[in-house]
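Each of the next two complexes has subunit A plus one more chain, namely subunit B in the first and subunit C in the second.
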Partner chain A sequence: MLDLKQDYFALFGLPVSFAIDMTRLEQAYLDIQARVHPDRFAHMPDTDKRLSMQWATHANEAFRTLKTPLARGQYLLEMQGVDPAFETNTAMSPDFLMEQMEWREALGEAREAADEDTLEELAQRLRASSRDLIARLAVALDEHKDLAVAADTVRRLKFLEKLQHEINDALTALES
Partner chain B sequence: MAYSEKVLDHYENPRNVGAFGKEDEDVGTGMVGAPACGDVMKLQIKVGKDGIIEDAKFKTYGCGSAIASSSLVTEWVKGKSLDQALEIKNTAIAEELALPPVKIHCSILAEDAIKAAVEDYKKKHNG
Partner chain C sequence: MALLQISEPGMSTEPHQHRLAVGIDLGTTNSLVATVRNGVPQCLQDDEGKTLLPSVVHYLPDGHIAVGRKAQAALAIDPRNTIASVKRFMGRGLKDVSHVETMPYDFVDAEGMVRLRTVQGVKSPVEVSAEILRDLRIRAERSLGGELTGVVITVPAYFDDAQRQATKDAARLAGLNVLRLLNEPTAAAIAYGLENASEGVYAVYDLGGGTFDISILRLSRGVFEVVATNGDASLGGDDFDHRLFCWMLENASISLPSDRDSRRLLIKAREVKERLTLDESVPVRMTLESGDEVDLVVHRDVFVDITRNLVSKTLKPVRKALRDAGLEPADVKGVVMVGGATRMPHVQQMVGEFFGQPPLTNLDPDTVVAIGAAMQANVLAGNRAAEEEWLLLDVIPLSLGIETMGGLVEKIIPRNATIPTARAQDFTTFKDGQTAMVCHVVQGERELVSACRSLARFELRGIPPMVAGAARIRVTFQVDADGLLSVSAREQGTGVEARVEVKPSYGLADHEIADMLKSGFEHARDDMEVRSLKEQQVEAERVLEATERALLADSGLLDAAERAALDSAMAALRDAAAGQDVRTIKIQLESFNRASNEFASRRMDKSIRGALAGHKIEDLRI
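Let's turn to the complex of A and B:
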């Protein structure tokens, strides 16, 4: 019922683009889930059950990938043969890295001092920075078709995502 | 994950943590980062008039393996020429610290940090 070789955009009947219609994506995902949900195959032979499981997993993975900007950007790069090389590409703008270091320092100090206000403020600055990067990624991918800038932006977003997790963990630890 | 004893030793007693003046003529600074884990590493070398690295300092935000890798290379580069420092390979770092495959990128980060520091020093002196 599902063509597993189709790209994720085609699967949901969406244009290949970073800008995405979230409502359409969600609706298309729900439609597919309704069609391939393993419950509907409960009375079918095992091969069909296995297939429906495979389709459902594929649709979940596709939805998760297109839903978040970082994963969608990475996927679009990979569709065009560009690997963002999260493990091996270590050269980034020194200013950006310096800022990352300062944020991590501030996070460490705030965590030690159990300073919730500073943590919240950091989280807010981080969200603003992410928004700027996502806007930049949209321009790089959809307008300029500049894959080098897009890959650099995806790498930066990856940094911010990691920091966001750490701030959230610190805030959760304070609340408990 | 279980860290090797050497990683733990460097992690608990990191060598050469600190910084030199970034603008100093005899200092080269390398800043690198690994998106996969969000680690950031700053490695600085202080070079003598004879072209030999006299001292090295680092500051790293990241996991134990990243801290151990940078601590180790600050020890290794001392007494080396710039060209010798460039020969330090991430595989040697990974081997010395017995890093598991998922932590190899920490050693890549340390190798790249040395390269960036040497490049920065050379840029200051050749133009």
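Let's turn to the complex of A and C:
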């Protein structure tokens, strides 16, 4: 019997791997939602409505997790018993931390100066950097099966994601 | 002669008759009700052949309540007891409402939602809205010739939890079974998308009387997927009227008009605004009760000048929504215009300039939301075969979070998450030996609690005393398909649990609703007991019917013993429903739900396996 505890890859009938066929993932997600979504059960008894909400919630969470590289990488690590522990384990390479500090300074200055161009440029550099890390994560997880490198890469990506959010917030603040 | 058709066993989709379901657009200025009749969606008319019901409620001294045009006629005569644009007050405190100083009402700043003192006593916006909904319900039941099974009510996409809950409460008060709260731009997208077989990324720009929404959707065959939504829940056509009203006061040198004069000038302002859509200039001549003379000519250029920044104000949420969707204006294939306020030429022009293409105005901006809601209600009521349905994936408009130390917000569910959704986060204690914890639930995008909307506060007690930071309290947020939140908290070690439906701070407490229901029924000389018995009987019937249908298709999922148990549970429920005791029916319904749980799980399971076995969504016909 299917249950809400099965892994997200199995839910969508996909192989467990970081490399993912996005078209198949989307198709499987829509196929499942088409069957479990609460709109299908609005005229049904409460039992069915409750089950439907649980499954639709589960499918949404599963899709969100597998869709984004960072969440997918983190999930694969958790499946293998590794907790990337963003909050506690901050033993990152000094180079990376130095780069982070530089970026934060640049962000602070651009925000202060309301410099939209610099913010956009920062966002672009950040995206390029994220792409490199995602490629590294793919190799670490799918080819080398090196969980330590994968966990380190996931932590770095998490840093970049936070920074990306802050840049977006700064850009949004400039608009309003 | 045509042969009679007999369906394959288990394939007949609806053995029972067409269920009466309607869509209601509960608007700031006007409200409408629509349904799908013989496969054709249409707005229902009142006795005079009108579809638009002005969202105005007049409380008379003799206890009568007038709704619609009759009430509208009283706006300038009895302003204090004639409530217009009540939607602006839904789920809102007095401090959240703009322009209160020019409103002729006697506000009561109650805790939570603002109230209005009328000749018939203090009224909550929920009660006022319920009058509008009741009027539409009666119109629909007369027109369709029977009681409604369920309704879809539309709300602005940018409505927060308190505003959604208030809308649902109003429906309950009006005796309506809400199948779903549907976001207005999404409803418009359904109507537009199905009509035009649209595919690709579309933006719905919805400027109503009091609210602005922008939704970015990805449409493909059989799927409506909202990618991002944004808006301003207190910006709409009313604000354009208000600008013009202020301009008229200034240019006619009137300082402090009376309530009645204010109302007349506001009504005039709206009229002028509407006429300026076609005319280049409109003369305004009126004598006020104060004796002041107004003799002005409003040119369209002037009107555009004084309201241009209101249109600019709508473009900010548009930019934010596009950013959240990761899209550029050029990625948008078409811009659907919704809401009466989008008739203003400068709105169309500025939106067109922003997107680099003329917006789509080939549908009636007043009725499209109600039509879309009616189509969705028809699906939700089960009137269409499963393979003819479409899939609608909507999102939550504003982030939901919890207050942490220092008045900061920890976001638990981010905006634009696809609903239904649930997220959990672990928190811990701050002090040694701390045994209780307050959870303060907020909604909004800001980092400070004080800048977000407070939704609820609840306490988790009975945490075992431990050193600070040792307890693990998991707080779970669940948002349902209506966009409504419920929150639970649980100490992981001991299992101490607290659960709340989010209502207290800005909604109405349950007992308040119960009191209103009671007084409402007394007023209508209806019997609440009878009503409640009937509701339970209808529910029992619905459950039995659905189960019978399920057994027809999936009886193979049960072995003989299980089947016998389910049959006897059905028989017990049938017996109870035939009786007159509400409590017995309730108890039987609950025990039936327990008995059928396993069967329901297996059917869901089978259905999901079917999805994986390759019944693809491309097969869905719409």
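Keep this in mind: the second predicted complex is superposed on the first by the 174 of 176 C-alpha atoms of A that agree within 3 Å, B and C clash if a C-alpha of one lies under 4 Å from a C-alpha of the other, contacts with A are read in each partner's own complex, and residues count from 1 in each chain.
The working rule: contacts are C-beta pairs under 8 Å (C-beta built on N, C-alpha and C of every residue); 3 or more make two chains touch, one makes a residue touch a chain.
Source: prediction; values computed, not measured.
Asker: Could you figure out whether subunit B or subunit C reaches more residues of subunit A?
Answerer: For subunit A, the partner with the higher number of touched residues is C.
Asker: Just checking: does A:Pro15 make contact with subunit B only, subunit C only, both, or neither of them? Give me first, second, both or neither.
Answerer: neither
Asker: Of the partners subunit B and subunit C, which touch A:Leu97 in the superposed model: first, second, both, neither?
Answerer: first
Asker: Does the superposition put A:Leu163 against subunit B (first), subunit C (second), both, or neither?
Answerer: Only subunit B is touched by A:Leu163; subunit C is not.
Asker: Once the structures are superposed on A, label A:Arg155 by its partner contacts, choosing first (subunit B), second (subunit C), both or neither.
Answerer: So A:Arg155 only meets subunit B here.
Asker: Where on subunit A do the contacts with subunit B and the contacts with subunit C coincide?
Answerer: Subunit A residues touching both partners: none found.
Asker: Can you name the residues of subunit A that touch subunit B in the complex?
Answerer: Residues of subunit A touching subunit B: 84, 86-92, 94, 96-98, 100-101, 104-105, 155-156, 158-159, 161-163, 166.
Asker: Using the touch definition from the top, list the residues of subunit B that touch subunit A in their complex.
Answerer: Residue list for subunit B touching subunit A: 31-38, 40, 42, 59, 61, 104-105, 108-109, 112-113, 116.
Asker: Applying the document's contact rule, which stretches of subunit C touch subunit A when the two form their complex?
Answerer: Those in contact with subunit A are residues 19, 149-150, 179-180, 222-223, 316, 319-320, 323, 376, 379-382, 386, 389, 391-393, 417-423, 478, 480-481, 542-543, 546-547, 593, 596-597, 600-602, 604-605, 607-612, 615-617, 620.
Asker: Taking the touch rule as given, give the residues of subunit A at its contact with subunit C in the complex, in rising order.
Answerer: 1-2, 12-13, 27-28, 30-40, 42-48, 51-53, 55-57, 60-61, 63-64, 168, 171-172, 175-176
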